[in-house]
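Shown next, in structure tokens, is the structure this report addresses.
Just so it is clear, A, B, C and D label the chains in written order, and each chain counts residues from 1 on its own.
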Amino acid sequence: MLISGNEYRERVESYDRAVYVRGSKSNLSHPNLQPVVNAIAYTYDLALEKSFKVNSAISGEEVNILNHVITSREELMLRYDYQRLLSMNLATCNYRCTGSDAINALYASLEGESKEKLERILIEIQKKDFACTAALTDPKGDRSKRPVEEKEMYVRVVREDSDGVYISGAKIHQSGAFAADLTFVLPTQTFKEGEEDFAIVFAIEAEDDVKYVLQNTGYQALFREEGEVEKGNPAYGDRITCMVVFNETFIPWERVLIYRDLKAIRNVLTHFASSHRCVGAACKAGFIDSMVGAASLMMKANGLEKAPALRYKLGEMIAASEAAYGIAAGGAFKGKAANGVWLPNPLIANAGKVIGVEGMAKAMLNLSEIAGGIPVTAPSEDDLKSEIGELVAKYLRGSKSFTPEQRLKIIKFIEFWLTSSHFVGAVHGGGSPSAALIFLQILADIESKEEAVKRNINILDI
Amino acid sequence: MLISGNEYRERVESYDRAVYVRGSKSNLSHPNLQPVVNAIAYTYDLALEKSFKVNSAISGEEVNILNHVITSREELMLRYDYQRLLSMNLATCNYRCTGSDAINALYASLEGESKEKLERILIEIQKKDFACTAALTDPKGDRSKRPVEEKEMYVRVVREDSDGVYISGAKIHQSGAFAADLTFVLPTQTFKEGEEDFAIVFAIEAEDDVKYVLQNTGYQALFREEGEVEKGNPAYGDRITCMVVFNETFIPWERVLIYRDLKAIRNVLTHFASSHRCVGAACKAGFIDSMVGAASLMMKANGLEKAPALRYKLGEMIAASEAAYGIAAGGAFKGKAANGVWLPNPLIANAGKVIGVEGMAKAMLNLSEIAGGIPVTAPSEDDLKSEIGELVAKYLRGSKSFTPEQRLKIIKFIEFWLTSSHFVGAVHGGGSPSAALIFLQILADIESKEEAVKRNINILDI
Amino acid sequence: MLISGNEYRERVESYDRAVYVRGSKSNLSHPNLQPVVNAIAYTYDLALEKSFKVNSAISGEEVNILNHVITSREELMLRYDYQRLLSMNLATCNYRCTGSDAINALYASLEGESKEKLERILIEIQKKDFACTAALTDPKGDRSKRPVEEKEMYVRVVREDSDGVYISGAKIHQSGAFAADLTFVLPTQTFKEGEEDFAIVFAIEAEDDVKYVLQNTGYQALFREEGEVEKGNPAYGDRITCMVVFNETFIPWERVLIYRDLKAIRNVLTHFASSHRCVGAACKAGFIDSMVGAASLMMKANGLEKAPALRYKLGEMIAASEAAYGIAAGGAFKGKAANGVWLPNPLIANAGKVIGVEGMAKAMLNLSEIAGGIPVTAPSEDDLKSEIGELVAKYLRGSKSFTPEQRLKIIKFIEFWLTSSHFVGAVHGGGSPSAALIFLQILADIESKEEAVKRNINILDI
Amino acid sequence: MLISGNEYRERVESYDRAVYVRGSKSNLSHPNLQPVVNAIAYTYDLALEKSFKVNSAISGEEVNILNHVITSREELMLRYDYQRLLSMNLATCNYRCTGSDAINALYASLEGESKEKLERILIEIQKKDFACTAALTDPKGDRSKRPVEEKEMYVRVVREDSDGVYISGAKIHQSGAFAADLTFVLPTQTFKEGEEDFAIVFAIEAEDDVKYVLQNTGYQALFREEGEVEKGNPAYGDRITCMVVFNETFIPWERVLIYRDLKAIRNVLTHFASSHRCVGAACKAGFIDSMVGAASLMMKANGLEKAPALRYKLGEMIAASEAAYGIAAGGAFKGKAANGVWLPNPLIANAGKVIGVEGMAKAMLNLSEIAGGIPVTAPSEDDLKSEIGELVAKYLRGSKSFTPEQRLKIIKFIEFWLTSSHFVGAVHGGGSPSAALIFLQILADIESKEEAVKRNINILDI
């Protein structure tokens, strides 16, 4: 079943959750939380409007592609097209991406009873059209130490009984869990023997005993003030993450999907990484699309839409977007089935991470060059409305085809792209580029490349 | 039908052709020409060995994928996999790539009688398993002038009669035509009204009255000397191009595929550009694969295979390769059918050109850093064999797992990658990156990107 | 004379000025204005502490190097060392840099009566130890039009009488004028004949009839809230600029330094550009120094100070800093005297602009990679102090050598570097890199380079 | 004393030396050796023509700046200006650069008797105007092993007597020693206790018992053929290096400058590295100047001198050149005296290495884009002179202001830049960029940068 954005909104706002914003327990109408609800609600409406839905064999329902176990390259591509469009239209995170990664990575990795548990959870997700997220990163503490030496800094089972397990620890960098219906919790890394207590995957539901502690950035301060134009992206805001804190939180066995199985952890994390890094390239394409749109509008608002040097820089931004999208598509095309799940090609997925970050950095530099200095020097909408409003309006005008206020909105939207959390988010989402480079060294078939060279130079006996 | 490398070799060596090397008419056994024959022969053998072949509805034959009118994304991907592998194994151009581009671009653009002519040519190509190339670039002369002001610098019809047309002009940058069975000749650019004389596409066959004038580079001088190790890539050599000169050359109407039709020219050139730029990304992936193999062997030959800094650089090379390949695959997946031909996505194809060049440049820099200075400072194989051979061998040794001569071969192969024509070839093959950026500006749907931004900032009335 | 930071503070806070923050007239104690006063006050204290002072022949006083007409490479280097240190210590703009550029560019360009006026102004500046800035950028309106078609968008003389001129128009991107004692106003560009009304340079003093309209960014919103840690750089804040609005503002002839003299405008702007772009490289070095310090602290706070991959990235940041500093020093060394003013080498200065921006972009990317995702996902200091403070503290801890609050401060400082106005400021301060590249084409002695090649290839007769 | 190029030529050609080219003992008239003699001879003539000479207190003579112990920033800058000009005019290595580095690094490091020996050698060098080089890199063998495990792969003392020491081992990557009057031999690295046998610095003179084994590259093959145009840079050729082989070679004590003194080795190598990396930036500036000249000529020869996109790329090349030069100048300005020697600033010197390589890579990419594909596809001068010469000439013509042969010469000169040893030479000359980054981590005062941040965020107690 697919529900509307409003239906999702009513449901999620009905949950009783401990979400802390700057130290105070808040509900989802808080100006720092509402944009996340808006963004997720939009994902529901767009899925209905543009048919980003498929039939699921698991529940027998028509479901959002993000809640689906993906079975073919075409379905995977449908997901990527959806997510590129979401990124372009939201100009921020859609928050449901990691949920899809977790569903598919788990489905490809589980067997037997675990798989049955997952299928029961999936049926609920699909029937109710849940918004799902996933949480992975542990705080880690002193990184020069192994998890056993920094136990408290890792999510772990502190005790278990016949009903379930009790979890302590925290997840950081978590995008949007407080506004999700269900969140999968996966380990931050693989483990060695002796570290089985950390080897757990489970799902948290609507009202589990969990605390969400919101991030706090400059953009969030802006959202706590009056006004609209200043916010840059007023409806959907910046990428919002939280710390998810467990304090002997009870999880019933029914929702414990992996426990103490080091190999299953390795599999699910490998699949998750590929899945998230490949869609991440499509996501970056959508972000760059939004920057291309903003750059093009700014050129027009300045009367510079024909300037060759700026058009060249716009071309480079388009190249960055299409390259990222192309890699994602290639990853989908050259993927492989694992237990009936169509997973992207891991080599291409990891290359997509690297190229996606380079593309974002390039696009931001070009957007900055095209826009000029004004995204960080413009007065505010309040100035426009004040006693000096007329004077300010006069000097904010560019091309006469745009009102000063329209030009100011474009300027503030570009400021949003250049000074919000997006850049750091792009670098680290799905792991850093360095992590992807290590995967690539491991995954690549270097031997066949060496063999080719050996044939060229006739040293086959080495 | 598919023939063997040897059958191709015998056929092509039997042609009576005017190929000039350093001013002298030469035959294909010349040390600067033979590597091209070797490379093309290898394409025949690999197609048989690894099944890079499909059934053609046009001739009813099983044909090399490069001689096929491609009808699906899977077939296009087969072509890309073939070409990546060729690039890796040959470490040079395979010379048949542009032939495939021309076949598909023409088939997608022609109609009526022209298409019938093309089909008859294709049936011959497929039945005889021809090696085909294409020639596009005119010398142009003074680039500040239009073709009509620099008439002689463009391939054009100088007169026509009931049997056919007479062509003058030249094509430069042509890869391997002298060793092909058939070459398609396409214009270097689109034309305006009044420039119809230049608007011609035709095919040249084995013994048409055409002169081929070989390029001359440093590597070619090496190939004119004794020895093997020094050549770096002794069997297949550097990318070899020629100037193709027409001097009132007669072409029968049967082989004139477009004439004076400016729109058909535009279509075929647009399709050709996409086709060549997309496969070019797969080709670059293969080249980088070869460099990865060489870098990895060099690390081992130096006892440095575990050095973290070098492994990181190797990882970056792999990322560059997989990114280029991923984009090509994405272009194939998100392509479109035109008159039954499956053509790659033009946006992704052009982005592939840009990323492919950046990847090559990155890979060469990393290979250079990994290899150290020795690729340009090493003594020669002759020194190894001389009275001072023992001393030289002693100091050429790295890890004891490699003999000095083996290490020297790896060194000279890396020198070949870093100082041959490959870099410039990668920059300009299929047009420069700047040309691709202009295509991207034209092809991109910038309006939809602007619309998304307008919705974000609520200025929909612009 | 050199005064203390507090003396400056008292003086500037005593002025009656129209400074608008979000539409309201405000005084300098406003939380968005006070950081600018703090930063400028620090420039006074540092000058005294570290002897960034010299004797001026003009006033016969010992003066701050920024208020001095620079007469030697050593003095210019003293300025650069001062500014690098200011950038590192403030982690934001020092606001007095453009004042020094204007003083030196004007002194090198003026003659006769104009120079005498300037000297009288300089004597006041030096005797009172004024904080000076300069304002250049006009709003421009539709950039496809010439100034005469967009008259109102350029600062210009609207009428004149025997006492002086009356100025209308505005300057944007102006750093800190509202907290300066004196601001030089220079044109945004050179002009053609017929555009003489725009060709004016003058000085505005403490209480001229001018309106200052503050920029408004995300970071400024943070500074309007309680707390300290969240501000990242609590004392000195982000780079703060304003729009300076003239509305028939009277300027006495005594402070009109250039009027209707197109050649003098050209000279002063060329000198100003070189002066500002060269010191800009030293400034970027200081900014990168601050990022290096932050990155190094973060590595320690995470227990990662010995990780080779991170140390490598730190090395790249140091290279970027020293390269920018080295170019500035080279510009000072290879400069030239013009009318007794020692000006930096214009070629090196423009190259410094290009390298400085590249270095900043590189440093920000590396800082982002070193810091991880947490700069944009961390909770707030308020969370630390709240009912969940203990839990949050637990998970904010890294290495045990740092308290959670200390680590949070480092995190928020890095967030400040990565999401404030610095990046856009670096790209556009002193003009964009593209503008510098155009200067370089004009300034370079390309002919001598062509001559060298002609000799190499023996085509001297061209 | 300063001698002329011809006087140098006569002297060096009179030496009886064992120089092996492709296994045969050759004299300096060999086409692969003569260009080195030509290049060095040019350094003599240019020094006289442009006064790159100073008075030496050591010999009381007027000497070439390269044979001088540099005592001031102005003298160091004179050296850099000389070397930039040499690089531009030669378009290849000047071969005397490392000699100057060795002289200055040694003079700054030696004391007592060693210094007296050095002064006696210097007096001879200066009185006879010797061309000096230095040799550092040992073959190293398996890099995963320490020198004591790979003894034979390092230059070392094999026995000593009252007259002197007997040396075995080899130096690779050595630029031009076979055409020098004197070569300083320095260790490849610093050593630990127990490795004293390797800790030796000495000078080799004209006819010591040493073997020189030439490198062999593609360009060298071209130089072994007839013709001039094809060689690209016919008089001065490519950067030519050799392996220098010692086989129990006797060196009298008088020329042993350091022996078994690990600390002196460390000092001399640190000074040498700074000295060579800083001048390397000036050298790269000159190389890029030559590429700028070639690019500008090619634009004219193609009628494209006004194309904005190409002018932009030319501007980037100029920026790269001036940035490298500016850093070198900054290194000279901010240097320090050590034992009376003025040495460049080590931080800036190492940054110069990094920026110099990036600039070269950028310049080569831009030159390649500006030149088009023709540098690697052009026919030869022999074709121009052959029976098809007229046809070939016709199609080689660009702008009518250049003859086809002139345009071909420009093309072949660009080919030379893009496919010779220059790129790898730039990457590794003076050590790789990675080596420079390690130096920067060690040399930088990171603590002061951390302190600044601590003050900003008020965590001074850490």
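Simple rule for what comes next: a residue touches a chain if its C-beta (ideal position, glycine included) is under 8 Å from a C-beta of that chain, and two chains touch if they have at least 3 such contacts.
The model shown is predicted, which means the values in this text are computed figures rather than measured ones.
Enquirer: Could you pull out the chain whose C-alpha mean position is farthest off from that of chain C?
Expert: B
Enquirer: So chain A and chain B: same face meeting same face, with over half the numbers shared, or different?
Expert: The interface is built from the same residue numbers on each side, given that over half of them are used by both copies.
Enquirer: When I count C-beta pairs in contact, which pair ends up with more: B-C or B-D?
Expert: The greater number of contacts lies at B-D.
Enquirer: List the centre-to-centre spacing of chain B and chain C in whole Å, with centres computed as mean CA coordinates.
Expert: 50
Enquirer: Could you please state the distance in Å, as a whole number, between where the Cα atoms of chain A are centred and where those of chain B are centred?
Expert: 39
Enquirer: As a quick test, compute the distance in whole Å between the mean CA positions of chain B and chain D.
Expert: 36
Enquirer: Show the residues in chain A shared as contacts by 2 or more other chains, in ascending order.
Expert: 309, 312, 434
Enquirer: Flag every residue of chain D that touches chain C in the complex, lowest number first.
Expert: 73, 77, 88-89, 91, 228-229, 232-236, 289-290, 292-294, 296-297, 311-312, 314-316, 318-323, 325-334, 345, 347-348, 350-352, 354-355, 401-402, 406, 409-410, 412-413, 434, 436-438, 440-441, 444, 446, 448-459, 462
Enquirer: If we count contacts the way the header does, which residues on chain B are in touch with chain D in the complex?
Expert: Listed in rising order, the residues of chain B that touch chain D are 20, 22-24, 137, 139-145, 152-153, 170, 172-173, 211, 213-219, 221-222, 224-225, 230, 239, 241-243, 245, 247, 302-304, 306-307, 309, 361, 364-365, 368-369, 371-380, 382-389, 391-392, 394-400, 415, 418-421, 423-425, 427-429, 432-434.
Enquirer: Would you mind writing out the residues of chain D in touch with chain A in their complex?
Expert: 308-309, 312
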